[in-house]
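What follows are several structures.
Below are two complexes that have chain A in common, paired first with chain B and then with chain C.
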Partner chain A sequence: MTRLQAGLAAAVGLLGLLGLVLPLSAETGLLDTPFLTTFAVLCAASLFRFRNPLPVSVDGCLTLAAGLALPMSLTVIDRGSAGFWCLAAAGWLAAWLFVERLTASRRGGRWTALAVPVLFGVTLLVLWEVVTRGLNVPQVLLPPPSAIGARFAASIPILWADFQQTFLKAVLIGYALGCGSAFLVAIAIDRSPFLQRGLLPVGNLISALPIIGIAPIMVMWFGFDWPSKAAVVIVMTFFPMLVNTVAGLAEAGRMERDLMRTYAAGYWQTLVKLRLPAAAPFIFNALKINSTLALIGAIVAEFFGTPIVGMGFRISTEVGRMNVDMVWAEIAVAAVAGSAFFGAVALVERAVTFWHPSNRT
Partner chain B sequence: MGGGKTIPILVVVAAIIGIWYAATVWLNTPWQLGVYEREGRDWTASDLIVDTMAQERPVLPSPHQVAVEIWQTTAEKKVTSKRSLVYHAWITLSATLAGFAMGTVLGVVLAVAIVHNRATDRSVMPWVIASQTIPILAIAPMIIVVLNAVGLSGLLPKALISTYLSFFPVVVGMVKGLRAPEAIQLDLMRTYSASTSQVFWKLRWPHSMPYLFASMKVAVAISLVGAIVGELPTGAVAGLGARLLAGSYYGQTVQIWSALIVAALLASVLVTLVGAAGGYVSRRMGVRP
Partner chain C sequence: MRSAGSRGADESAEEGVALNTASSRGQPVIRADHLDLTFQTGDGPVHALSDVSLTIGKGDFVSFIGPSGCGKTTLLRVIADLEQPTGGQISVNGVSPEQARLNRAYGYVFQAAGLYPWRTIARNVALPLEIMGYSKAERHERVARTLELVNLTGFENKFPWQLSGGMQQRASIARALAFDADILLMDEPFGALDEIVRDHLNEQLLQLWARTTKTIAFVTHSIPEAVYLSTRIVVMSPRPGRVTDVIESTLPRDRPLDIRETPEFLEIAHRVREGLRAGHSYEDA
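Right after this comes the complex of A and B.
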């Protein structure tokens, strides 16, 4: 055991003991919450590891027990006091210890690589639930994940309509047009070194600018419906794509180009067979950056005026009505959509640029 | 043409301004024709061009209109006046800088933890990446409103949004930078029996400086965007974002464009400053150009 692991293990055990001694809440005793009491006993018992080392799986069970016992006890406990928070901290540290030992053991390979981040995410969710409900944080401030999940399940039709309006129309159309046109412009200016030297610094500067600010202008020009949002997305995605494609097209080495010349390949053959594949890592980099930019652009543009549907519209109106759980449900949709979009682009990237060093393990 | 960049850049910038002027005439013509028709007077092409560039609320203001507006709202107003762009830019800038500083510190701390602890690397790193697929800018208004409800108002909520946006490039860049020393250099430190902290301060930290400044350039730009969007929901009180929103409510296109241009200038100044600081540090560390 490393020093960090030993410290964590000692803290888990001592906090478990404290949880048995200190009151869990004002009105409940140890017997009202059998699961939580069991967890506290397990924590205290794990102190025996200092006599006899315990296997990693025991820490896994301890983490699982914490994940089950803490949320379940909240049905009985209204407002936690010292003992409850000791056990919550013990649960968190147990999860940490489990991850620490899991990564140190170097077994499992692929499976642990997936399990560790998932475990971290679940721990965050459980802590969020425990803290918001155990402290009675007002709903308006931060609703617990369970309330968000319930609201999500109850308003799927609304969320789907918003998703359609914002993602399927504005984001995807704007993304395709913005990236596509930037790609074509990049190929066009690629033939002129003069334009390249001039456009690259300007393009780099423009991609650092707060382009999101053109949203009100676009809403003024193209109206309230999705075309104005798509226009914002087009402008936001254009410059990263342009700069990256131009840089990528310059990537093919002199040797390879000379080789293509000896094959008597024309400009277009060289472009399609050598330079575009060589530019693919750069192009996909831009496509990945743009996948998150596009969603942000579309949602923010909706703050400046929309028809009565759309993710940005829903967020701004529900904030005004203090329906914060609905806002969080919408955020969950946006996060899932954004991650899925990013993941999809990354998958295509792996398939297309399978030859690149970063994809060969 | 030699290898110089100045002339091509100037040509491109001139072309952009030219296109802008052409677009001004083109976009403002329909409205101007309506005016002529109502007044029932004859017009020539030169009349049309002059008039489209001098409308009160044009669809697209011409560059010189925007320039005049910026001049009037910066140089000719008192700095403390609510109508001065300097005042609004300062409010946005202070939130940007506060957020940028917090984001950089958070990013560096996270990167150090990730580089020195495998468990952190495995569990936190995927979530750092996933955190950026959440459109934080989209929920910025809610964060502002919620923080206002707790009693946090003014600078801090906006700065927190900037922090969230700017820590990401710093984490990614610094993890790369702190891992940049090669095995042979790390081995040398081992033969000196250097402790972890000595390896960090004498090898990893100096080695990561170029990466730090490269990611800080991205971070400062994105943190300005965060501050501007953070100003949208507070009821358009102050700041460049508030100017944008107020302009869009009242159809003041010239005001929108001047706020936009000032934001762009601010962004380029900030990026240049960070770049210059990076150059200074690397010169002091003995890097020769």
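Right after this comes the complex of A and C.
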């Protein structure tokens, strides 16, 4: 074990001991929470690991025990005291130690690579749950993940309708139109020096427009339904795509262009066979940036007038009703949809620009 | 500088005349007449080529040798219509370089392989064929044939970055050969490769030249390479870039690698070195 790992193991052991000594809560004792007590004993045993580090799987078991025992004890414990928080900290450090040793171990390729971020996320959720419930944090400030999950499960039809309205209509259509038109304009700019001088500054201007200024105007132009939100998304995604494509088209080297010239290749042949492939890393950069920008744009635009459906609409109304768990459920949908969208674009990028030095295997 | 340029011009003009009679074995393919090229840069004009006159006959292997800045690459680029001369006349295959380029009269090999990393070796070699509108079957047949010519059969589906530098350069030569242009322009194609690989590729290039009877213009700054490969060596010197000597090789066409130890070879190499030195002392004086 490294010094950091030894330190973590010692801290887990000490905190486990403290958990056994200090009170868990005002009205419960060690015997009321058998699982948590077992966890505390296991932690305390961790002190002996200076003699014998034990395999990584022991850390895995300890982490699992923490993940089960801490949330389960909250059914009995109403508000945690010093002992409880010592054990919560011990659980956190045990998870840290586990991930630390998992990353350090040389064997295990793909599974370890997948397990580390998953463990990280789960640990965060468990700590969130334990802290909000153990401290009795008011729902309005921060609901525990379990409450958000319950609300999510209970309102799937509403969430699905909002997702359809905001993501499948406004985001995807706006994204496709914004990126597509910027791509075509970039090629037009490339063709004509006049447009280069005239259009690029205009594009710059558009990118500087505040979204909360243009959203209401778009509602007046295109109505309350999704087309006005798609228009906002178009405005937001246009400029990053334009600038990146123009930069990418300048990326092909002089020698590669000269080569095309020696073949007497025309403009379009050079564009398709050399300059666009060379520009692909830039174009995908813009597509990735825009995948998250588009979702933010559509949600914010819905704050300025919409029919009674949509992710942004739901967030703004449920905040007004103090239904913060619904807001969090909507945020969860946005996070998952945004990540999946980004991930899908990144996957296509990997397939198209496999030749780029950053992607070669 | 001005008078130096005109004196060099007289010399090269005389050489040009001498050369026309000497290379009567082939029809003239490239004919340059009092060629001038001045680049306008931020630091003032740079005289890259000054009064270059030269004739290259069909089937010749002509090397251009000289220190950097002597205009040998610029001359090759003028022949390829990648640079425009500011004075003088030049014809390639009896037409202007631009017309020759549009007729796809030459294949050009650059200092670096310049293969497109998103294409396999086979598709890189097929690139000019795609642009020139060859049918799919013919592309396939020509790619296989030219890759065999440069000993790259079996590497069709590799990507350029999976191959060594020497193999990449061979693939770029295959690409220049694929569409059967009569003229091959090569700009220090082996400059970045190590000695052993370079020897090997030189030998292969000679065999290829013997088999295809192409006209080759070859830029190098290696004396042994120039002497080993060429039927004629054009010695150039810088500031302004001009031709100072043209040396006819007396070596036979069939040249094994160990010809480089014969007295005949060493004598030609000596002449080239003298020519290069003369260009330098001229500049220092």
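Methods note: the second predicted complex is superposed on the first by the 339 of 361 C-alpha atoms of A that agree within 3 Å, B and C clash if a C-alpha of one lies under 4 Å from a C-alpha of the other, contacts with A are read in each partner's own complex, and residues count from 1 in each chain.
Everything below uses one rule, namely that a residue touches a chain if its C-beta (ideal position, glycine included) is under 8 Å from a C-beta of that chain, and two chains touch if they have at least 3 such contacts.
Predicted model, so just to flag it, every value in this text is computed and none were measured.
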Checklist entry - What is the contact status of A:277 with respect to chain B (first) and chain C (second): first, second, both, or neither? => result second
Next on the checklist: Quick one: is A:356 in contact with chain B, with chain C, with both, or with neither? Answer first, second, both or neither.
Outcome noted: second
Next on the checklist: Contact-wise, after the overlay, does A:269 reach chain B, chain C, both or neither (first, second, both, neither)?
Outcome noted: second
Checklist entry - Is A:319 in contact with chain B, with chain C, with both, or with neither (first, second, both, neither)? => result first
Next on the checklist: Residues of chain A touched by chain B versus by chain C: which partner has the larger set?
Outcome noted: B
Next on the checklist: Just checking: does A:212 make contact with chain B only, chain C only, both, or neither of them? Give me first, second, both or neither.
Outcome noted: first
Next on the checklist: Quick one: is A:331 in contact with chain B, with chain C, with both, or with neither? Answer first, second, both or neither.
Outcome noted: first
Next on the checklist: Quick check for you: in the superposed arrangement, does A:258 touch first (chain B), second (chain C), both or neither?
Outcome noted: second
Checklist entry - Tell me, which parts of chain A touch chain C in their complex? => result 253, 255-256, 258-265, 269, 273-274, 277, 280, 353-357, 360
Item to check | Sites on chain A touched by chain B in the complex | outcome: 4, 96, 99-100, 102-104, 112-113, 116-117, 119-121, 124, 140-142, 194-199, 201-202, 205, 208-210, 212-214, 216-217, 219-221, 292, 295-296, 299-300, 303-305, 311-312, 315-316, 319, 324, 327, 331, 334-335, 338-339, 341-342
Checklist outcome for this item: Seen from chain C, its contact residues with chain A in the complex are 80-82, 101-104, 106-108, 110-112, 114, 116-118, 127-128, 130-132, 159, 161
Item to check | Residues of chain B defined as touching chain A within the complex | outcome: 1, 5, 7-13, 16, 27, 59, 117-119, 121-127, 130, 132-139, 141-142, 145-146, 149-150, 217-218, 221, 224-225, 228-229, 232-233, 240-241, 244-245, 247-248, 251, 253, 256-257, 259-260, 263-264, 267-268, 271
